[in-house]
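Consider the two complexes below, in which chain A is the common component and chain B and chain C are the respective partners.
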Partner chain A sequence: MKMSDSSDEEQDVNYVLFKDRPDWKDIRPIEQDDDDEIVAIHYTDKFKDVHNYLRALLKKGEKSERALELTRVAASENPANYTVWQFRRDILKTLNKDLHEELDYIEKFILKQSKNYQVWHHRKLLVDWLKDPSKENYFTTLILNKDAKNYHAWQHRQWYMKTFQVFDGELDYVDSLLNDDVRNNSAWNQRYFVINNTTGFTEEVLKREIDYTLSKIKEVVENESAWNYLRGLLLHDKEGLSKNKTVTNFCEELYSSNSQSPFVLSLIVDMCCEQVQEGSGDSIYTLERALQLCSDLELKYDKIRANYWKHMADTIKRKASGENVEEEPTTS
Partner chain B sequence: MAKSLNLRSIEELRTSTFKIEGVPTVTSEEQCDTEEIVAKKYEDLHKNLLVNKNLPVLLRKQHIDYLLQNLHFLPTSYQFLDASRSWMCYWILHALTLLGTDINEGTKSKVSSFLKKCQHPDGGFGGGPGQLSHLAPTYAAVNALVLLGNEEAYNVIDRCKLKKFLTRMHQPDGSFTMHEGGEVDIRGAYCALSVASLTDILSKETFINTPEWLVTCQTYEGGFAGCPGMEAHGGYSFCGLAALFILQKGHLIDYNAFLRWLVNRQMRFEGGFQGRTNKLVDGCYSFWQGGAFSLIYSLLANENNPPSHQLFDERALQEYLLICCQNIHGGLIDKPGKPRDVYHTCYTLSGLSVAQHFKNESYILGPLQNKVGFIHPLYNIRPDLVKKAILFFNNSKLISSNVS
Partner chain C sequence: MATLIKDVKLENVPTEVLFDKHKEFLQSYEKDENNYEYGMTDYLRISGMYWGLTALELMSINTKNQKVIDFIVKCQDPESGGISGCIDHDPHMLHTLSAVQILVTMDEVNAIDVEGVVKYVVSNQQEDGSFTGDKWGEVDTRFSFTAVATLALLNRLDAIDVKKAVEFVQSCMNFDGGFGSRPLSESHAGLIYCCLGFLSITNSLHIVEQDTLAWWLCERQLSSGGLNGRPEKLPDVCYSWWVLSSLSILGRIHWINHSAIQNYIKACQDVETGGFSDRPGNVTDPYHTLFGLAGLGLLGDERIIKVNPTFCMPQAVIDKLGLKPQILS
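Right after this comes the complex of A and B.
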């Protein structure tokens, strides 16, 4: 947790409290009632002052230039105050303000406060009102340069891309992020998002993506992000999880090269389960192998998840012996 | 009955560290740095064990003192949470309940009075007096009032107007906006369903299309995202799963995928949970991820396949919480080196509760005095207090009172 940053101007020793400003003399500030002394915050004088005047203006419903200025100070004192942002937007609309100017203001703000719901939502509404996403690629990239996993930035990026149908160059961007950090799960997720909203997972795309993912797994085997993406791709393989020769050959090769990555073993377990359930004759995906792998994972390769692997083995055994596991589910 | 758990050995820990595979990236560097500070904590504890067999200890008294102090006064550093004061009431009261502390009636009355000031004339609660209604502080305020557990507290809630507020936040696609003109994400649906079910104002019309919308938030990884298309995330996953449970639609999710994603969020070295794939451990996810397990167990039980044991490593999670997340002056934290705060104190203790209890049996790391209370998995409130509130509201007529 850190204190909110104030702008340079507001850290100025010459900052004048609203109660000392001549053009605010007509407003009677309203103090907050904290008589109960419950979670009472020890506010600074500046914080108290601006909020006393904010309460007064909210009550009065005054939407003016000075009210806009007041929301600017209040928002910098506490960027998470959604009431302030909502008030600010009402004022912007009433005064018919230049929204491009506001976009510049919120850009600087977000650069300082990039993990906050309110500032991103403010930007989203501005872009929506302007129907202009032209700065968003540049801006979100700027934020992601500082933190490539910033959830708010990704959510904003997905929103404008989908709303304005601008996906051009996004797969290349994702690729560059994965070249920087192949373990960046947000980038893998974005890859899925882009394909899902553009070409879809056609047979051709699926083949290309599987090759891409396997090459990334070759670089770093213990990278769950890539394995999860691979599983995501296989959801679109009509044959299921265990029939794609490229994938099965890759896994078997990895397995026989003595890779005991829990992610390889776990995928093979599921391949076995699928084939056992379908009664397929493929001799390498058997019940016995699934149970052996579960036991290996439990005792050697994935001990933190020993309880889970034990449960998986029990489930697989029960299913195989024909007990009613996973029949038509009833309500929870 | 309580069973004692033993610590993982230093040898076992040594084999669990991150493998860089010759490809260092930002993710691996941050992960290795974290493991280093956590390793130091574990090594220190093993050394201290030689002189004191009774470790690790929950610093109950220190945490209670810290919480009681914060219940009344918060330092200036909390200014940026001025729009989350209802939350602070819930975080503090819930943590105190887990630690077995009763609040005196006078204080209870003051909390009720404060939360009443946070209630908006048009229904719902804001983060502080005079603020707009918002679903998150509404959830927090209702939970806090349920924790107070008396009629004075229950009567603060104007259920008629609350219901109208929820209806106003509901969107045609089934999602919920957090406040008028606010953002939409999966927290909204959970908060709305939580308060509606607790106060007995849940009706199908308020949640049209909500199950369908929630299901679209489950990602290819198995967990839930804040909105369709985004990355699976611990906080949002809990919201999605619990929301579907309240709607009695838990069976609509791919629970095998959810469980696979969920178990993999437990860090093999640290023992705590991360929020997303390839991110760092954080004490608060002990609850957001850990709390989802009991919901999954009930789905498995419906499939006639109930687990005979927890499906995560409850010992490793307790290690992380007790050894790495306690501030010696009271309060709990995200990870070693981070400052304490009431949010992390609430969710780490909730996670400790999840790790200690399974099917009426307790599994305690360290002295048995480390045991904390139980939680209701849908609301994260002590179960008897949930029952008491629901009973009260079931028997109360829906009349709009005047909000002063």
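Right after this comes the complex of A and C.
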């Protein structure tokens, strides 16, 4: 539903319609077959003109410099038109064009249209043809400077990093993003992505990442992304969620310093839940404590999700009584 | 450092759902030849029709219309079998699903070459089980959903390698229980809906971490009552649908605060023009209008026709086809 910004040419009073260009006289434009009411669409003259000539060239299969120029105008009129982009790539290939120039062109385009699927796909195919990701860090950083959570940019970044195995410096980049905005979930996700694709979550890495995450949580406690990442890390801890002393001490300290953050409380609930189920509980991770916390969350600290906390309390009670719950989701 | 939680403030919230205004809005949208923006979404034409027509269906309006059927027929590519967004354009999986959804709702699916559609969907499945959106090769979990939804509506799910397709979607599951567009891509409520919808259709919901994922989805609710699609993003009415339908599929829709989200959705109505927008005060469109109404429907508004959370179509249509997409309890 995102509309294109008005193209550069629209502001240009000197813009000449293709039907008025002498070097296009040999082409007979093809009008859209658009006669019934339901498909009647009001187009600008420019839009109609470009597409009439586009249809003609597609039909003719003409791959020339002027066809390339036509696709440029058509793409700026509607970047979501994937037929235009494919035609453009066919022309680039046939004319053996310098693809680095095309990278510069699409860079400017994406800077203006950074949430459009087709333009990113075009970029990806160019990098793939060139087998050269050397400009991509610079390029995606430009986009992420404007919007550090742009899903397309992250998807592209992950694609070339994995395809060409270029992860150097990425953890530092993620760190700089988290210094700007510690709640940037995309950056936390990228952290996981890099480690998963390089060192893996070895014991040493796990310790380093836990320390890193806790230091970030210390800065801002109300940060869903950091807590989620912490839980993600603990999935790699062979001991489980509740046995890592660094983490449990950290949470207990926050708790006793009167933090009522639902994130702290909910992690303690899950720690209790794990130990209650294992039946070999630490004295502080008990059923009673879990139930008290669930009730506090339900009634005071996270009222909007009250039903979730009621469910958690029930689940823990059932687990404590030895019932095997939540192993297999049931279909209603 | 940004430490403020992102959200919006609601003011002058309409107390009612303005059904008459919304009907008017969608019907005029269909006819307004001077709507320039609509012209610019030429390439979204079929999906646009699906949004508008389904929203009308949910308000009990029979949308069966021969012109729409004829238009869709003209959008089918005789060679590949796929359906494009508009006449003379290239076929795409998204429009193929939208077209099938419209035709199935109108009980007119035989107007198109059904086996052609099946052939097209099959041709987009890759070695690893994933699907591309068109023949140029963009892979995304959105297309895994559109593939199985299209085939299920045509009763031809057997035409693809379902096992491999499930394996690919499973490979896109993240540590937070959510799903992204590809393996290790960030969890995103829209893509979670696609993946859960996919798993619901293929009867494979056993692979999800039911409560972990439902918790992540609940966390999408902000103080305003609105739902966002990722942590620290603004609320948006379309996420009312992605999150609520996902929670419905997981059997956990009661975990979030219903009156708060209902209030947010109502706040996104334009009392003058009709329709819903992404956030209060923004321009309304058929896309957000469908997802606003469908969201209210899932929350139990009985004035809205019962909607199926997996297909985003009237439940009666799904029942008539004999489809029983999996729902967890």
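The definition used in the following text is that the second predicted complex is superposed on the first by the 311 of 332 C-alpha atoms of A that agree within 3 Å, B and C clash if a C-alpha of one lies under 4 Å from a C-alpha of the other, contacts with A are read in each partner's own complex, and residues count from 1 in each chain.
Quick note on the criterion: contacts are C-beta pairs under 8 Å (C-beta built on N, C-alpha and C of every residue); 3 or more make two chains touch, one makes a residue touch a chain.
Note that the structure is predicted; figures quoted are calculated from it, not measured.
Upon superposition of the two complexes on chain A, a steric clash is found between chain B and chain C.
Residue contacts after overlaying the shared chain place A:V221 against chain B, while chain C stays out of touching range. In the superposed model, A:K149 makes contact with both chain B and chain C. In the superposed model, A:H121 makes contact with both chain B and chain C.
Touch criterion not met for A:E253: it reaches neither chain B nor chain C. Contacts of A:N185 after superposition: both chain B and chain C are touched. In the overlay built on the shared chain, the residue A:R318 is in contact with chain B alone; chain C does not reach it.
By the touch criterion defined above, A:Q158 lies against chain B and chain C together after alignment on the C-alpha atoms of chain A. According to the touch criterion, the shared surface of chain A, contacted by chain B in one complex and chain C in the other, consists of residues 1, 3-4, 32-33, 36-44, 47, 55, 78, 80-83, 86, 117, 121, 125, 149, 151, 154-155, 158, 180-186, 189, 192-193, 196-197, 219-220, 222, 224-225, 228-229, 231-232, 235, 303-308, 311, 315, 326, 329-332. Across the complex, chain B is touched by residues 1, 3-4, 32-33, 36-44, 47, 51, 55, 58, 77-83, 86, 89, 117, 120-121, 124-125, 148-149, 151, 154-155, 158, 162, 180-186, 189, 192-193, 196-197, 219-225, 228-229, 231-232, 235, 266, 302-308, 310-311, 314-315, 318, 323-327, 329-332 of chain A. The touching residues of chain C, when paired with chain A in their complex, are 1-3, 5, 30-31, 33-45, 65, 67-68, 70-71, 86-90, 92, 134, 136, 138, 174-176, 180-182, 184-188, 205-206, 208, 210-211, 214-216, 218-219, 221, 223, 230-233, 250-252, 254-257, 260, 285, 287, 326-329.
Chain B makes touch with chain A in their complex at residues 12, 16, 19, 21, 23, 25-28, 70-85, 88-89, 92, 110-111, 113-114, 117, 126-132, 134, 178-183, 219-222, 226-227, 229-233, 244-245, 248-251, 259-261, 263-264, 266-268, 271, 276-279, 298-299, 302-305, 307-313, 316, 339, 341. The part of chain A that touches chain C in the complex is made up of residues 1, 3-4, 32-34, 36-44, 47, 55, 78, 80-83, 86, 117, 121, 125, 149, 151, 154-155, 158-159, 179-186, 189, 192-193, 196-197, 219-220, 222, 224-225, 228-229, 231-232, 235, 303-308, 311, 315, 326, 328-332.
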